[in-house]
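Multiple structures are listed underneath, in structure tokens.
One chain, chain A, appears in both complexes that follow, with chain B as partner in the first and chain C in the second.
Take a look at the complex of A and B:
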């Protein structure tokens, strides 16, 4: 009985003991809560508040200093803008091309680097080097490469007696040129992530595959890709989200719109509305549409990954 | 009443009395910043940066001179170069963080008013506060008015024209004293200049960041066209003149090959090319010459300016100062007094040509250009007396006296569409000009409809 009684006491602390424990817990976690508060304030002011403001402003218009609610007028105005659809077509084209180049190329570079026996570190640095260059410097470099009269690329093509290209100066090739520059600038980071994932694959799997007579391609297809599926799908999502927000490359390479609007992207259009047309309502509405589309992609990804599990 | 309560009430009465006296002082001061009635601080942007030592020195001297005239006013200078960048400026308006007296471009009034950013200064501007008021070109002041109210004062003004490289003209066997005045003459001159080879282009044109649309407008005005209907609701550029602008560009780009293959150019690409003696001609403003010399290390002797091709009208441009919404009457009066001394008084501030010459800065450029009548005559005389740049290089531009014409309302939205039209003829050999222009017309009509 006495034992039961003691156990009962231990299970039900008195109010005084409970308060002590809570105070001790608060004291122990005070520093952690302090750090958390700082982070929450930063996110609150610089991320969440602007996002909420963007949603609010999407339904407002400012005229003669007076801001009023206009319902869906801003979205209606966007839908009437002929460049709205062109910007979406261009953005989707950029995303598609960026996935073809920017997703596949770093993966295969990583596979190649992983297969190498010598000079792996030097090559890794070489691949990562463009990421360390300021984007503006990289873009200006490519602007020179693409110059149709004096550029490096046309000089090489000319030397090889191959037909030259207008690169950024033709609506047919401008977007591809932007994608090539963008891939060169950004592939280093993705390559290193793939490389890290590849190095996490147990060596026995490759040894077993080799014993079964698998060549490089079959090892990649049956071992590497299944083993890195999670990283691949995560980077695919990140790539879609990042590439759909492309701005710097077309803005600096073609002035934003490019030949006949061929490189006008959605984010460039947001920039135009906000800073050239002083129409923050329409700019916010366009940003909101973009947010919904990207949220859709994210939801799709989550659904797909759940199915796969 | 307790002792504490008595003290509290006395303090409240004293503070209220002080406040009412201050307000009375504000309300009673009649002649602006110079009445000495109350201390006023006015923040003003566009102070030249330290890298522009001579301009900075002049600014500081003018602030000191102003301080002696108006000891109760403190000018709080904010340096900026360039004075306005459109994107940050728009953000400033949104955040209401512009200075009390803020620099604007000639075409900013609509967006400043939409943002609720400027005070009406009509009641404070008269021939007492701005003695040169009667000599300021009314068409320039009109760009600063809305609904009969005045919102700013000009500091500089220009009309667009044809800039050309005199050195290349001479090398190509052209007469640099007689710049081409029509598009046919420009085309012929461009052929001769491009024939020099070595990457030299005869003519250059912008076609990105809405500047293609801006130049299209300038060239259309030169031919006598207009961008929108009188009521501003419909596009009005799909005309013979509008087609001719695109046809001229197409012919020079593809038939004559005098514009080079690199397109999608934007400010300051053409200036960079001309300063490097790689470009013969382009449509621009007089202050491009200053940029080419001061920033790109060109030579004043190398550049000339002629009137806008066609000479029916020239697109107006320039800069002004406006007054932040919420400024007190004292601040507005002080700001007007500062602008008057720095920018609108012959022989002082920017019109102190003797000082400008002594400081090694150029004198004789056809800008600022907003005085008329006696003011213009006096300015020209003073400018000629201290000229340091070859004034005769701009004689064709000044002699033509082309009437000025302002930008259409919602200019940037319209320019955005026309950028694509200009870009089409410069990047597509198979461009169908009537279709390109018809598409642009449809799109501008859509844009204008959505803005009504």
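Take a look at the complex of A and C:
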């Protein structure tokens, strides 16, 4: 706002008219900034300032109330923590599995829904319903289903004479179990976006392909996929960024660490450093590392969405 | 049936052939049954689980229908977990957040779109830049900020402000609203100005009535986001009396019988399911129109 008043004073008005116009301009600017004030304060306090602080804290350490610069010590400490590497391995595994399920399944479901002529609204509501549920309800329900002794899943497997599983209790299957629950909870959003993209494909393209003798698979390959490729790649990037921040599902299903640390994710490790060990420096440094990794994906996203426009 | 038929992957003529029709019927039946089992099944389990006795709910194999009905489990859950308190808190946070977002974000988007102040584009750019920062990265510095707000030195932890105010810093809202306001013709604004309408008056009488669809989308997502949030309310509302449904159920669930927990989960899900069924059209169109192509 300082800028406005300076601008108002600097150019000395020569005529009455000019002064009036300038006055109005200043007043308009003041009004506009008044409208912006609430949002600006909230952004300032809760996003912009924390962003700066995140970077600053990554290179600081607080001991007994005294804060000092420590350079790369925090990052050093992280790199020496075996949990750091495990958390990254787990997070990448989660992201990979979540994409196999959370990317392919919704696309398939969307193609299927788009072909059906009946019960469309009903099916669409069903797919999106879990997205609206409070996460604690879906997650604790899945925890109950996963119970090795009285859970629904093992009893279904047992009835079908299939081998049962320890689900969340075994380091081998814990992460897969988390991914299954997470896919059920979150696939609705992606499905609906794909569905909208599919509905935007002009029918003539399919007709033309059919006249040219293209069978079902060639129509999928040469019409459906190219026509939705941009949305697909955008959503893929968004999903990578979102799934790499996974926290709630492992936190509620396995308490965070899981058997032998098999479900410790990066964000859970941030949480542990900050709120269990009170080591805000290391927590911030870990956040910063994560930011750098995800920034790559975000940059790709921006490039793709420019193309989409 | 639901939408005007446009040509899709498989043509209508193909479906009208006997074999096509048979295949279509089979796929349709499988899909409807499969989806119902996969997506409604767990909800069925949730509701009936709350009706089972403590012994039956952890019995192996599980029962499809409750052997005897225990509706009093719901009353127990409501009392034991203090559900009325949790429900009230969640609604209070959600609608408070909605009010703050509507006032501040609408005002900001209006200023950026129609009043165009000096530095407006810089401010918009700085707001949109926050979209690139993954939310989880900022959780620690945000928490420390709320613990001791700079300049003012107040502690917002355990006050509703800790939930309400950070939700205003939502660049996506600003973006959606601004884009919508941009589509309102400038002539209309100029005509209002000539008639002597102040910017506030123009916002109230011209812009807001025309923006109902986008205000609906922003409102719904404001409420849903607070309702679904977990980590942030867990950090900033440590006091049990201030907790939300998600956190309260999680922290009180230790040592409570399984059937009581399930009943509590069912109670917690009911409002969202009802809310969704009422607003499903707006939610889904908001998701697909504002969600990506934005």
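The definition used in the following text is that the second predicted complex is superposed on the first by the 252 of 309 C-alpha atoms of A that agree within 3 Å, B and C clash if a C-alpha of one lies under 4 Å from a C-alpha of the other, contacts with A are read in each partner's own complex, and residues count from 1 in each chain.
In this section, a residue touches a chain if its C-beta (ideal position, glycine included) is under 8 Å from a C-beta of that chain, and two chains touch if they have at least 3 such contacts.
Please read all numbers here as calculations on a predicted model, not as lab measurements.
Engineer: Using the touch criterion from the header, give the chain among chain B and chain C with more contacted residues in chain A.
Structural biologist: Between chain B and chain C, C touches the greater number of residues in chain A.
Engineer: For A:100, is the partner it touches chain B (first), chain C (second), both, or none of the two (neither)?
Structural biologist: neither
Engineer: What is the contact status of A:283 with respect to chain B (first) and chain C (second): first, second, both, or neither?
Structural biologist: second
Engineer: Determine, under the contact definition given at the top, whether A:76 touches first (chain B), second (chain C), both, or neither.
Structural biologist: first
Engineer: Using the superposition on chain A described above, determine whether A:65 touches chain B (first), chain C (second), both, or neither.
Structural biologist: So A:65 only meets chain B here.
Engineer: Once the structures are superposed on A, label A:53 by its partner contacts, choosing first (chain B), second (chain C), both or neither.
Structural biologist: second
Engineer: In the overlaid three-chain picture, which partner chain does A:170 touch, first (chain B) or second (chain C), both, or neither?
Structural biologist: first
Engineer: Under the stated touch criterion, which partner chain does A:300 make contact with: chain B (first), chain C (second), both, or neither?
Structural biologist: So A:300 meets neither chain B nor chain C here.
Engineer: Taking the superposition as given, does A:255 touch the first partner, chain B, the second, chain C, both, or neither?
Structural biologist: The answer is first: A:255 touches chain B but not chain C.
Engineer: Would you check which partner chain A:162 touches, where first means chain B only, second means chain C only, and both and neither mean what they say?
Structural biologist: neither
Engineer: Counting contacts the way the document defines them, which residues of chain A are shared by the two interfaces, the one with chain B and the one with chain C?
Structural biologist: 147, 149-150, 271, 274-275, 280.
Engineer: Which residues of chain B touch chain A in the complex?
Structural biologist: 86-87, 90-91, 93-94, 111, 113-117, 199, 207-210, 260-266, 325, 410, 412-413, 416-417, 419-420, 423-424, 426-428, 442-443, 446-447, 449-451
Engineer: In their shared complex, at which residues does chain A touch chain B?
Structural biologist: Per the touch definition, chain A meets chain B at residues 62-66, 76-77, 80-83, 147-150, 166, 168-171, 174, 254-261, 271-272, 274-278, 280.
Engineer: For a test of understanding, state which residues of chain C touch chain A in their complex under the given definition.
Structural biologist: 1-3, 5-11, 15, 24, 27-28, 31-32, 35-36, 38-40, 42-43, 45-46, 49, 58-62, 100, 103-105, 107-108, 110-112, 115-120, 123, 126-127, 130, 132-146, 149-150, 165-166, 168-169, 171, 174, 199, 224, 227-228, 230-231, 235, 245-247, 249-250, 253, 258, 261-262, 265-266, 268-269, 272-273, 275-277, 280, 283-284, 287-288, 291-293
Engineer: Along chain A, where are the residues that touch chain C in the complex?
Structural biologist: These residues of chain A touch chain C: 3-4, 7, 28-29, 31-33, 35-36, 38-40, 42-43, 45-51, 53-54, 57, 111-130, 132-138, 140-142, 144-145, 147, 149-152, 155, 158-159, 184, 189, 192-193, 195-196, 198-199, 201, 203-204, 206-207, 210, 216, 219-220, 223-224, 231, 234-235, 241, 244-245, 247-248, 251-252, 267, 270-271, 274-275, 280, 283-284, 287-288, 290-291, 294-295, 298, 302, 308.
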